[in-house]
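Both complexes below contain subunit A, partnered by subunit B and then by subunit C.
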Partner chain A sequence: MNRRRTAALPTPVALLFLLPAAALFAVFVLYPMATALTYSLFSWRGTAQDAFVGPANFVALFTTEPYATQLPRAFGHNALLFAGAMVVQNSVGLLLAYALHHRGRLRRLFQVLYTMPYLVSPLVVGYLWSLLLSPLFGPVNAALRAVGLDAVARPWLGDPDTALWVVVLVTAWQWVGFPLLVYGAALGALDPAIEEAAMLDGASSRQRFWHVTLPLLMPVIGTVSVLTFIFSMEAFPIPYALGGSSGSPAGATDVMSLLFYRTAFHSGASNAIGISSAVAIVLFVVIVGISVLFTQWFRRVERRLT
Partner chain B sequence: MRRAAVSTLLWAYAAVALLPLLIMVWNSFRTDQELVVEPLGLPHSPSLDAYREAWVEASFSTYFLNSVLVTTLSVLLSTAVSLLAAYALARSRSRLMAVIEQVFVSGLMMPVFLMIVPIFYLLDTIGLASTRTGLILVYSAVSIPFSVFVLATFLRQLPVDLEDAARIDGAGPLRTFWSVLLPLVRPAVATVVVFRFVPIWNDFFYPLILVRDRARYTLPVGLTTFFGEYQTSWSTLFAGLVIATLPLVVLFLVATRQIVAGLTAGMGR
Partner chain C sequence: MSRRKTLATASAVLVALTLGACAPSADSPEPGAAAGEGCDGDAVALDVWSWRTEDVKTYEQIFDVFEQANPCITVNFQAHLNTEYDQILRTGLTGSDGPDIAQVRSYGLLQPLVEGGNLQALEDVVPALADFDDATLDGSRGREDGAVYGVPLASQTIQVYYNTAIFEEHGLEEPETWDDFIALNDTLLEHDVTPLAVGARNGWFVPTVHDALTAAQYGGADFQQALRDGATDFTDPAYVDSIQTLKDLQQYMPDDVTGVPYTDAQVLFTSEQAAMFAGGSYELAFFQDANPDLDLGVFQVPPPPGSALDHPVSAGYADGSWGLSATTEHPEEAETLLNWLATPEFGQLVADELKQFSPIPGVEFSDPLQQEMWDLYQENPAPYLLLVDYRYGDPVGTDLMGEAGQKLFLGDTDAAGAAAVIQDGLSAWWTPGE
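Up next is the complex of A and B:
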């Protein structure tokens, strides 16, 4: 059969087909992106662009208050969101995906149940947990009291010591459905003959998991980890729902996106646009930089394993 | 592995994943009084009062309609333009097209925080500040990278023989696209529609910043004002959360297979 691309479109016709998407993309994505890059290099007086200041906005971001305190603190909280999600998805998530894989019956049902929280709006998830953890009528405290753990019950979101952990756990609770599903698909794509061969060689189920299945899953774990990182760095609706735009109590749940949002739209500072653009660029550079470094590092580890 | 232990584990986590969502649903059928007296109780005499209050008094009817309008039109517009573009990209051999495709796909890593301020001023300049039209155009534009990527990948896997036949029979490019390709790409279109519908329906960031007029709020922004104003009317708050989630549940029931397949596509390496 002739597989040559005989149906090729003449370029003028192709450009015509391309036009609507290209126009929309140029106006509402490319143009804002290009201008945004310059915003951080100017000082601003409200909405009016003032003078070219070079890196001054970045210097101000790292050396003047409140940014010098809030930026590292918010970044640390994002890192904790990432760590929490990684721990949960690579322990509970991986274990559940593995258990589900060795189980034909009801697999689809469990997959759907586990993915539910991931598919619900993160803002709804955040508000839902703020209600569940309410000190007035919250079912969580009520359940703790019902089993005699009165001492554990507390205003979870009002206490700076627990509020951040609530954000971390709620975020992980919602996110884990995604890694679970992906790990499940990756396990399904593995050749069953490999595991059978290990079984015939007398490997125990634990040995088979650690020495056969896990190394084969590594590429997928790496890919998912990068996505988890990007997601954790951009986390916005859950922290917003649980701690408001100021990251209450006392900034305990502040994250980068909230810092950006406050600086750009609620700070009232005349140079709000200059500083907030610097925040956005720092965030973007961190996301892209670490994602690339992580991917390269992971490829090297992977090569050593196989 | 020991079957009983595995079963226990699987059901236990199913409870962890689902119980909070179930509590959300059944608490929305209870009264505030019941919630305080018996925080762990089930609805004894289910009441729809909370829904009536959320829908009518807390303007959820407005938010809901805005969300339906904005999400549906954004998905339609972005899918339509992306399909045309994907056809052009998949069936052209020009070097220029390859470059354009790279530009589209690079948008997959879009820095939303970086773009939001310029978009805000852009909409202001062209007279679309705080409008649903502005929101629809922005959502359609940011959907293009994903939609073009999925659709172009799919189109490349289709054999070109049918198109050749249509061309030999004298059909022009538009005719070929409409009557030959469109029926064939339906599965990929379903994936794109589902996977853009969910994030746009759930999106909170764009309308929070771009829409200042309450009558134009979508559900997520509506929820934030609602949680400020109805702080102590808990069952109404639960009802609001259920209303914001319901259309997605319907979508999952209709498209479970697309969702599971789409989320895991390309991950099996």
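Up next is the complex of A and C:
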């Protein structure tokens, strides 16, 4: 494997072309990330950088209140958001994509319809749903009561047992178009001859889906899952619109980004920048670490299947 | 840093462009047009920042008054989005493109700028500060040195609003005693009127309601002093009792109160489906705007038997002030403007044009209800305790009360448990007596 010989451009020229993008990346991505890291290694007095404290901010994050309680709680909620998104958003997205796959003209229409909520700001989506779910004036409970389902009507966002699942469902309502589009494209790229062959071998439509189509979609499922994980970890606008900066009710919808927001901009603590930078770094490490593990695991699964 | 700076600059430029595009209209002179006219020396432009994007026009008119009296100074007023303001201001004041004078937050959220050395202490710069009420100035003090870093802009008071038409319909009057208060709640409930419009889904609203209903019960300013002296903490029986009162009053609030958003509580009151609203003076403009036919009254809730105080109180707090950048290039002109911001002339404009409580001595309010709220507060003031003294660390007191109150309403904890949530949370950074 001699890469140099097969490359389209000589190395110096290639490097020259890479330079602008690399420079932009360095200035707008690497440099801010490096500063966040350095911020987290110092103690702060308001906006003024104080002494170098090494890992002290991280130690404080894991050992002192309120962070020692709030960090795991928020992280757990992010994990539930991810699990919920996988179960609801991605499986529904896949089923819809599969159902629409063979429906020529209707497919376009439904793809557009399902991806519409995309175009609305998630903050607006959150506020809309918060209005819809209001126990006083919300049409959701009114509709449930109108059809005799009084027992089901409840203060959806006021009950810690349901609030987080409302966040999951509202997020899914907005983003279901994303897996729908990606899976739709992947299904379109599959060779129809394979499914035909399975059909000729007498496989039922259920067997064809589980044993032919699904394994072939594995690489895409992997990508969608990793992206869903990243989105779930970074969730902010919808939880903020539905539960406010403190994750109402009683912290039931608190997530990592809200914790960061509170420590950075909402607290009167002197060392707010130090601690909030540490939160940001922890979040970053978790996202990168688990995404890499996920990707590797999915590659292994793919190899086993193909 | 670079990215944040770029972002901040970009938004500043955007805002400046938008303002620039909006400014030249027939009735408002273009900013800068006044400079030079009647000015003998060099004209200077001052950058003034604010988070009140909704008040830009009004502020420009207010500053026109200043510019006419000071022809050599132009005020370049810029407003940034409320939710992004703190970040933009921190970046602006630490960099070189910041404002000369800026609206700054009060109490805990002021501290990052004070500790970072971004603001100047003002006692020597603005002599009129000596005439301000001490409790108001507390909102602008640095935690460590006790110096004043802002000219107070607005105060808020917390009390109970009521719908006079609903009260009249049921033959009710402003309560003189706790028994009156309970009796009128019962009467309203019997007639299927929601007595208290409360929405507890927004955590920040819970401590407001708590102080509106029970500040006199736990002792108001006396309790604040006892906490400062280290004589007690939030598990004090008087404070626990006040939380119990909040729980006892839950029957007069909408069902599933933790699911009701604050905005729905407002609508419940303005649409005349609820008779009372426990809230801040900042609600008045919205109430009058949302339903111009609404006949409003205000009262202080009389303390229940066995309360720490024998008279009702209004809780209040300072809400924003004007700070002077430590790196301003025009200190002399900025000081001139800052001193004007402490005059009754400016205060009266704030009261008349912005409908805010200016805490500047001598200001009067044209709206009778506003004047009544202010008088009630002046007679029997109390601190909005968790905001005034307990936002200097993480977690902040108001968030803790929000969470504790939601648990209380949900039945997940009792009054003592809720008080413990607050005390335990605050103990992360606060020791009684320090």
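Throughout what follows, the second predicted complex is superposed on the first by the 272 of 306 C-alpha atoms of A that agree within 3 Å, B and C clash if a C-alpha of one lies under 4 Å from a C-alpha of the other, contacts with A are read in each partner's own complex, and residues count from 1 in each chain.
Keep in mind that, in the parts below, a residue touches a chain if its C-beta (ideal position, glycine included) is under 8 Å from a C-beta of that chain, and two chains touch if they have at least 3 such contacts.
Predicted model only: the values in this text are computed from it and were never measured.
Asks: Does subunit C touch more residues of subunit A than subunit B does, or is it the other way round?
Replies: It is B that touches the greater number of subunit A residues.
Asks: Tell me which partner A:13 touches in the superposition: subunit B (first), subunit C (second), both or neither.
Replies: Only subunit B is touched by A:13; subunit C is not.
Asks: Figure out whether A:124 sits in contact with subunit B (first) or subunit C (second), or with both, or with neither.
Replies: A:124: touches subunit B, not subunit C.
Asks: For A:266, using the defined touch cut-off, is the partner it touches subunit B, subunit C, both, or neither? Pick first, second, both or neither.
Replies: second
Asks: Have a look at where A:54 lands relative to subunit B and subunit C in the superposition and call it first, second, both or neither.
Replies: neither
Asks: Have a look at where A:137 lands relative to subunit B and subunit C in the superposition and call it first, second, both or neither.
Replies: After superposing on A, A:137 lies in contact with both subunit B and subunit C.
Asks: By the touch definition at the top of the document, which applies to A:28: first (subunit B), second (subunit C), both, or neither?
Replies: Both partners, subunit B and subunit C.
Asks: Of the two partner chains, subunit B (first) and subunit C (second), which one does A:257 touch, if any: first, second, both, or neither?
Replies: So A:257 only meets subunit B here.
Asks: Using the touch definition from the top, say if A:177 reaches subunit B (first), subunit C (second), both or neither.
Replies: After superposing on A, A:177 lies in contact with subunit B but is clear of subunit C.
Asks: Should A:215 be classified as contacting the first partner (subunit B), the second (subunit C), both, or neither?
Replies: Neither partner.
Asks: Under the contact definition given at the top, report the residues of subunit A touching subunit B in one complex and subunit C in the other.
Replies: 27-28, 31-32, 35, 47, 130, 134, 136-137, 265, 273
Asks: Could you pull out which subunit A residues touch subunit B in their complex?
Replies: Spelled out, the residues of subunit A in touch with subunit B are 1, 3, 5-9, 11, 13-18, 20-22, 24-25, 27-33, 35-37, 39, 47, 92, 95-96, 99-100, 102-103, 106, 108, 110-117, 119-124, 127-132, 134, 136-139, 141-143, 146, 173, 177-178, 181-182, 184-186, 188-189, 205, 219-220, 223-224, 234, 236-237, 240-241, 257, 260-261, 264-265, 273, 276-277, 279-281, 283-284, 287-288.
Asks: State the interface residues of subunit C toward subunit A in the complex, per the touch definition above.
Replies: 1-4, 86-87, 90, 93-94, 107-109, 111-118, 200-204, 254-261, 264, 267-268, 391-396, 399, 402-403, 406-407, 410, 412, 424-425, 427-429
Asks: Hey, which residues of subunit B end up touching subunit A in the complex?
Replies: 1, 6, 9-10, 13-14, 16-18, 20-21, 23-24, 27, 35-36, 39-40, 80-82, 84-85, 87-89, 91-94, 96-97, 100, 103-104, 107, 109-119, 121-122, 137-138, 140-142, 144, 148, 159-161, 163-164, 167, 173, 176-177, 198, 201-202, 204-205, 209, 220, 223-224, 227, 234, 237-238, 241, 244-245, 248, 252, 256, 259-260, 263-264, 267-269
Asks: Enumerate the contact residues on subunit A facing subunit C in the complex.
Replies: Touch residues, subunit A against subunit C: 27-28, 31-32, 35, 45-48, 64-66, 130, 133-137, 154-160, 243-246, 248-251, 262-263, 265-270, 272-273, 275.
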